[in-house]
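Look at the two complexes coming up: chain A is in both, with chain B in one and chain C in the other.
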Partner chain A sequence: MRLIVLLLALMPLAALADTRQIVDTQILPGVTQLAERAETLHKTARQNCTPSMPLKDAYSTAFDAWVTISHLRFGPTETDDRAFALAFWPDSRGATPKALSKLISQSDPIAQTAQGYRDVSIAARGFYALEFLLYDPAFTDAGKPEYRCQLIQTMTADIALTTRAIAQDWHGSYATKLIDPSADGPYRTDQEVTQELFKALSTGLQFTSETRLGRPLGTFDKPRPLRAEARRSDRSLRHVELSLSALQSLALALASDAPELQGTLDQRFTKALEVAGRIQDPSFAGVADPASRLRVEALQSAVEAIRLTVGLDLASHLGVSAGFNALDGD
Partner chain B sequence: MKTAPLLLTPLALALATPAFAVEKADVLDNYANIAAAKYADSLTTAQRLQTAVDALIADPSAEALQAAKAAWLAARVPYQQTEVYRFGNAIVDDWEGKVNAWPLDEGLIDYVDGTYGGPSDENEFAVLNVVANPSFSLSGSDVDAAQITPALLEETLHEADGIEANVATGYHAIEFLLWGQDLNGHDAGAGNRPWTDYASGDACTGGNCDRRAEYLKAATDLLVSDLDWMAAQWVEGGTARATLTENEDAGISAILTGMGSLSYGEQAGERMRLGLMLNDPEEEHDCFSDNTHNSHYYDGLGIQNVYLGEYVRIDGTLVSGASLSGMVAAADPALDAEMRSKLSDTMMALGRIKTAAEAGFAYDQMLEQGNAGGEALIMGGVNGLIDQTRSIERVVATLGADAIEFEGSDSLDNPDAVFE
Partner chain C sequence: MTTRRQVLAGLLATGLTPRPSWADLGGPAFLSAAGLPDGGYALCGISAAHDVLFRLPLPTRGHAAAAHPTRPEAVAFARRPGTFALVIDCRTGDVRATLNAPTGRHFYGHGVFSQDGTRLYTTENDFEAGEGRIGIWDATQNYRRIAEIPSGGIGPHDIKRLPGKDTLVVANGGIETHPDSGRSKLNLPTMRPNLSYIDQGEVSEQIELTADLHKNSIRHLAVSASGEVAFAMQRQGDITDLPLLALHKRGTAPRLAQATSTDWRAMRGYIGSVAFSTSGLQLAVTSPRGGRVQLFDTQTATLQDQVQMADVCGVATTRDGLVVTSGTGAIRFLSGRTTPVPGLRWDNHLVAIRESST
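Let's look at the complex of A and B:
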């Protein structure tokens, strides 16, 4: 349970984020890169839909781009459930394999067009569903080959459409709404914008610590390696590193007018990335083994140390509280 | 819509608070009074359920099963309104999983349809079926379940193997035992467990009717004792009340944390939007009884009545007093008007779901892929809840600013002072 902290909210001389710099150097390039790489992924799938190197490479590159902006869960990513349609995970009830099996066993014609596919359950859309079709032996041979091929091509087309819509909205008007808040916009003041960016940072850190690391770690007596994110494609550790790098840039930008705090944050992120770099276990399969488990636990502690600095020092510097996020439920 | 709250607010304030501000202590006191009333009402209605369950077991019949179902539905009305006390009050969070855990792998408890599937990657006890098995092995140790007792459910079965979906106790376990699985998919209709699942001798269907009755009895008794405990925490001198009022700012913070977390992450996200995006009728909160529309509605009402500081009890009496609304109005009347109007909009949207469901458009149907009307109804509720969360955040900012001005906190104005 996390109490929102009233006392820290809105200090009289609170610092404001340099929104324009964050938008221009992080957000806009990030969403553009994602849309471009998703387009390449779709083109690659159209040329050759077999789950082998060219397609897997394109998948990996595009997925990287998503993870890099996956903490920006507001505005354009939330319209029409776009972020959910790109990234439905964690999937604690196995909805993704269930939904895919159903489509494949019935050769459901809804997979004929990307437009039609938008009505399919989010569990069967996006990067995590595609991973099953490219990497899970139970799916790489399932059903009719032509249907599998069509499904992969339609799913990549759907991803391309979704990422393009996110990029278009950011470039079209949302960047301006963030940079120039107004009474009738989603943000009324610069303070609300700062709060949104801070929330993206703190929620991103929480997700990496509690979900990306916490889910496979489970408890010492009951580790849960099968719950690691994107373990089928050996991307679990990579996602932690990519998200930490992206969050590092955001944190440093938010602390740009407080050199000492910025230094501390930089140190903490660098430390966590070093700890991550020492792990030789891309899918966290070793969480059940005490020795390799220790390294993953150390990484989680390093991320927790960042969270502490962000939650106390950066929050008080910016005069914001963590606010509410999607992880607040149980 | 917008002028009414603006006009009402100063009036209400003038009556409630002759002084210049609403006292935090009074707001907390009223919040605790409402909690005490809500949990007492939940206890009373659970006791009525207990009476109905005892009658069903003593003399099984279609009428007796129907009476138990009606008692369960009535018991949900006050309980759902207490959910806003979660997230902000640790004592409620630590306890809540015993009474309202969801979703559940119901195959742990009793027989399920063949389409339900077997043990999964996530849960190897998804089809344990305690009703049919007087002994079994769980995480390496043998369990004697010859007698199904509250202790067995609470200590051994609940969250067995560390899996949250192994829900052995609480409202939803009881709901499953009364209604059975809802096998209607996206069509209208709830679970249809025959009353003969509780019949004796040859009339018994589903097997092990005596053990099923024993399970139902144990789960219902446990619910009553759990609610009894929680109701006692909120009366004068209770632990929950004492913790809440220990530090006034932390207490106000607890109220807002509950309102915001329930609105956004829990209800708008986990319970409503996710089910819609997955088009999964199993993602219904009260999936066996098809009571989800009410479950959502009373959750929303709980958020609203905590802000307004008014709760109508199950006997029709009103509990009211100093409110968060009054505090916000004193600091920023426009923000209070905004907050009230957002809460009303949400209740209107949740009310639409409820009325459509009661008129025959089941929540299952609303969740179906491509059902535009259902999607619009559910997203109306989701958007209302998300929108009101933004205003709750504004309230946090506004009251936080006040607290600092009032107290001139040393630790914030001069961080080094703390270490001197």
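Let's look at the complex of A and C:
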């Protein structure tokens, strides 16, 4: 009897994330890659600002790097609204094209410097705004060519500055705050760090399921293909795949000391990525067509299956599932 | 033989029955939605002694309820983006009527009656327009929908009435959502929550806090007997040491509640419910994420005391003191006895149904 009590006392209440491994192999390489690719994007735009291949390639590569870390919505990405300055989406009221049209029609001199550009509407900044200038026919010819060129160069400079600030903060001190929580830091205990990482995973999955897939799907009677993310550059499906791959790495790391659970999670992610791989509709334009809609719905179901395992089994493994109200958010 | 039921039916037919009132009620003192062990949901009536008197199954998760000012009747709302609300006979737990949100609208989970009890006001989302609405329902005609008015902002959540008046006060949380994308938030970088007062269908006063607080979504309300409004907030984005609670009296500037950085952070950016004590001297706020209840002195708006309690969220005012509930099934007098209800998980709000008539 005494032995059992002793054993129970020695058992940890819940597993903790291997934070150092997640920081060293996922977060730091991710933010570094984003800053480097954003710098390349800016250099490319300075050399040739026409919306043609070299610039579009650099844009695509840098955008990939953002999507890969876009679930890490805490700390450095939230300072000064940096994540929103890179990614103003979903844009339910069309604020981005409105803000860009206004700048272009007035040839607003605020676009002369990246520093000044920080004061424009946040909807006119970042990858999603830049997509209009590179891919949307309503913008690729709008206003004066010199102004468009300046706008593209300034927007890429702004993206480069923002991503550099994120990377610097992570490398500078935030990584340490996550690895070594302390009473006066943003995280007081390892359990709070685990909770933050779990939240990044679960809200990342929610965003991919409900927003990246749910917004274009709409309802069967009212599909919304024009709401697909980055549809102008045919990146909608790609973002789902990139985010799932990144979230898979995070989920597997969070379950690293529970091989069976890790196996289940791996299976579910692999399944979802397979379902995604069978879709030949990069911008989800086909959500209004019953047959191709079905494939996008199947992908959403596969992501929901991951969410279920994460919300129940991984949450209980990490001891973050206690709150019926705590997790509700209302 | 004439049964009691037939006599009652006869009386009803002649219109001679005295109308039932809250005074007739030997029944529940509170309503709360709950999660059930089988994964289902219910609305429960709870007695003043904290016994569960009835459990009414709900098709989906519930949220809050509004008590009729005179009749022993309450309206229980589905959690957003729910589209139904149930009118409950609080003596029996029977459903008398169902409210369905009109096409293009969903409920946010809160509502309030007019002073005379003839109208019910509900917070709703006009999700194509991305604007908040207040639905108006005729409680004298089986809750027929009669009109709607703007809420004064995006994402109206809680709604209350000032004592002795028909002035409505609405917490416009500022967050836009659309049912096509579930509960995902669509406008966090540009959100601007506000507190709006509505008189005769028009916004008559509107309070916004300073720009640094624009991501503190104003979500839940409590109104004191003197008409002071307490509004509790939920932080979007990283946890900060910014206040999550403020007080406002019409025609004056809002007062931000004061607590140390550590104490605000302990609430994890999230207040779930707020209530004044009966005396009005204290204000209780709950944080299920922080697992604690904080008590503020309403005169100085400063933190006075705090109590730890896992997954605490519901809080209600009674003559016998403040009562809180938790997602672990506990019902507790803040200053004393706890009644555990095994298997039930008390949902966000505890509604005191007999004390609401002001």
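Simple rule for what comes next: the second predicted complex is superposed on the first by the 308 of 330 C-alpha atoms of A that agree within 3 Å, B and C clash if a C-alpha of one lies under 4 Å from a C-alpha of the other, contacts with A are read in each partner's own complex, and residues count from 1 in each chain.
Everything below uses one rule, namely that contacts are C-beta pairs under 8 Å (C-beta built on N, C-alpha and C of every residue); 3 or more make two chains touch, one makes a residue touch a chain.
Everything quoted here is computed from the prediction, not taken from an experiment.
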Which superposed partner A:218 touches (first chain B, second chain C, both, neither): both
Chain B versus chain C as contact partner of A:90, first or second or both or neither: second
Which of chain B and chain C A:75 touches, first, second, both or neither: second
Chain C versus chain B, contacts on chain A by residue: B
Partner chain(s) touched by A:210 [first = chain B, second = chain C, both, neither]: second
Which superposed partner A:316 touches (first chain B, second chain C, both, neither): first
First (chain B), second (chain C), both or neither touched by A:269: neither
First (chain B), second (chain C), both or neither touched by A:326: both
Interface residues of chain A shared between complexes with chain B and chain C: 81, 84, 88, 92-93, 95, 122-123, 218-219, 227, 323-326, 328-330
Of chain A, residues touching chain B in the complex: 1-12, 81, 84-85, 88, 92-95, 99, 119-123, 191, 195, 218-219, 222, 226-227, 316, 321, 323-330
Residues on chain B engaged by chain A in the complex (per definition of touch): 87-88, 90, 93, 97, 103, 120-122, 161-162, 165, 249-250, 252-254, 256-257, 260-261, 263-267, 269-271, 273, 277-280, 282, 369-370, 389, 392-393, 396-401, 403-404, 409, 412
Complex contacts: residues of chain A adjacent to chain C: 73-75, 78, 81, 84, 88, 90, 92-93, 95, 122-123, 186, 206-207, 209-211, 214-215, 217-219, 224, 227, 322-326, 328-330
Touch list for chain C against partner chain A, complex: 35, 63, 79-80, 109, 130, 157, 176, 178, 180-184, 186-190, 219, 234, 237-239, 270, 272, 288-289, 291, 310-313, 326-328, 345-348
